[in-house]
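Listed after this line are the structures, all set down as structure tokens.
The two complexes that follow have chain A in common; it is paired with chain B in the first and with chain C in the second.
Entry: the complex of A and B
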């Protein structure tokens, strides 16, 4: 299936989903004017991808800021992964955070609390 | 009149209240992004803790998106233009920390709903707000939703003091103000 690549902007993250490598990357800030509209193609791609019965999925998240409507969309995305995990798909999600930013870590932790698949919160290396 | 004195008076009012950034008028996504970035850069230059920078930015984004979405939802109303142009947001700093203070016109029936929602949130402590946020985030959204109903809860969570609001009577409409401290 085709890759999904959406370049980042100030208010929307990079979406780089590669079905061949089973690697899904979200990176940047997310506070678009209409989060549901922005994430709609992402949800559609994930639905088609999960329908191909992948064996394992690696997810890499580096979201330094997520507004509330994007947070709802991320939750919907994670719920799709959770359902796939319950069906036996192997999932590893790595969420990279600036550990000095309490709110950013809290955001990641609050997603992790609601999921049962392997979900790691990893300190983001200092950027120069 | 638009003269030197008017501008100096305006500048002195902004300065005396500690206002760093203010915008009055129609919010666009572009303006929200630029102002948001400007306040982040300002706070970084002042060496503020990352958490405070994040919270001020997040509150600013939620407030301005709320104002904009509310105005757009009034498309077709007699008051649409008046509501859309009525938004104002100021961000500043005083002895208690950073403040984000906003105002916009709302229809009277919406003013009551908003006041009820805020009255329900204000007495909640941080743990109760977290629970409320997580419950709301799990709810299925009605089709056509433009928001997740999480904005005010998030603002209350990130505020260091209880939210303060007022509803000023403006004949057919109410002028809603919200003050949030970080």
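Entry: the complex of A and C
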């Protein structure tokens, strides 16, 4: 399966999904004019990838700002992971935050709510 | 953190509808209804939508709050940095956000203005330079060209009465869809610039008179003299009586004399001449391309102009010495020496006249400030002259000129005593009395400064007592100069027999009685006897 690589812009995050390594990376800010248009290829790629019945998926997220429409899209992504997890796919999601920025942690916790797969909120410094 | 209760309240109506629908389904209310399956699907999606919406609202609120906080923090930093920060892009239009210092500097809101219009001044060359630099910086991507172009900008620009330091920084785009921006950092350096100008000015100028100073002359001598400056004439000028003026009238008045003389010297010379304060009360004028005759005329103009000056405590008086070097030479310090010696000769020639004028000025000041009636000096002079005659003092021991001057100046030191103490009606405190006693020494110094040494010593000893109980040195008997002993008696008598603002006059008899009591204690007993005998003599011509 082909990788999905979308370079980051001022308003959209880096999307680096690699099926060979089973790693999905989202990094940057997300406030595109049309969130659904931006995330539609991402959803499609995920759906196709999950259809291949991967054994495990490692997800890395570092989003400093996510606008309202993008939040909905991220939740939809998380919902897909949750469904896959329910089906028995091993999922590990690491959500990196600037721990000095309380609101980033709050948002991460909000995204984490209702997710039953391993969802870890990690201070940014610990990443390196 | 957004409270769950708040979220519950915000979506209360929707949640109640959902909860009721879920309850109905659970209780089998619509069991058997053909739409039940669709209804369940709608309810499930409604629940999901509501969950999404509530969480997204919360995330959105958190992020908005965070953004505003960060914006405030950044604004606080920029707005309190004391510098104007603004950005503009290819269209040269200033962006909406800039630090408040920009408004302070320009006095109005600057967003959406053209940066070139904002910086435009009467200096067309500078306007064109800004246009060229900004265009190049916004178009070029090569670091070297950028740096070279930016370095063409002046470090400081003048805008109306302000001096602004400017720094241009290109802000490269962080993302592909970003445009290159220019940041201009403006700092109001008006005060600093003025201070630097002042320092530069003071390094070659005299602060008081604003004339050039000695350093400037020395610099000129080293670097600036050229052959066409010859014949070069020099005038050395010395302000007469500055020390006395400072002592008697105070340093402000002394400074006024210096300032006025500086003005006179400037008025009497050409713009091409160099007038400098050489130090203290000495001035130096360099007259390029000026022969001795023309120099002489400048000197005459200076003397005449000094005489015309009004509103000064003493007549403006200056001693001058001139010298001229006809042919080019690098070493003209000898020329200064010649001018200086001639100036001292002139000073010597004028000294008596200058002294007389100064004494007159001091007397005027004394009458103005001191509480004696105007006749006091005259009466003391008359009484002293007669007492000296009666005492048959030999001309050798008592010069009549000195006696005359002593009677005129015996109270001169009192101009240095505060009026509040001099005119105090009640008894002086110990501290006030200590200040009062200083008038002997002040008077001594003043008389010394006009080279009247005999009178200076007599003034110093005027308050000494025959028995040694006086001040300032506690001299006794013959140690006290006869001039002092004599004037002390007639002064005391005249003061006693004339009223003061704070006490009435005593009768002649009462005054004589007091003098008798002071005989051998405060006063010379033999002179007291003579004085009283002269006072009580019935014959015509007695004191």
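Everything that follows uses one rule, which is that the second predicted complex is superposed on the first by the 125 of 128 C-alpha atoms of A that agree within 3 Å, B and C clash if a C-alpha of one lies under 4 Å from a C-alpha of the other, contacts with A are read in each partner's own complex, and residues count from 1 in each chain.
In the analysis below, a residue touches a chain if its C-beta (ideal position, glycine included) is under 8 Å from a C-beta of that chain, and two chains touch if they have at least 3 such contacts.
As the structure is a computational prediction, the values presented were derived from the model and not from experiment.
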Combined model on chain A where chain B meets chain C, clash or fit: clash
Partner chain in contact with A:75 - chain B first, chain C second, else both or neither: both
First (chain B), second (chain C), both or neither touched by A:33: first
Partner chain in contact with A:8 - chain B first, chain C second, else both or neither: second
Partner chain in contact with A:110 - chain B first, chain C second, else both or neither: both
First, second, both or neither for A:98, with chain B first and chain C second: first
Segment of chain B intruding into chain C (one of 43-51, 61-69, 79-87 or 169-177): 43-51
Contact residues common to both interfaces of chain A (with chain B and with chain C): 10-11, 65, 67-68, 71-72, 75, 101, 103-104, 110, 113-114
Complex contacts: residues of chain A adjacent to chain C: 7-11, 65-68, 71-72, 75, 101, 103-104, 106-107, 110-111, 113-114
Complex contact set, residues of chain B against chain A: 29, 33, 36-37, 50-51, 54-55, 57-58, 61-62, 65, 68, 130, 133-134, 137-138, 141, 145-148, 150-151, 153-154, 158
Footprint of chain B on chain A - complex, ascending: 10-11, 31-36, 65, 67-69, 71-72, 75, 98, 100-104, 110, 113-114
Residues of chain C touching chain A in the complex: 1, 51-52, 55-56, 58-60, 62-63, 65-67, 69, 174-178
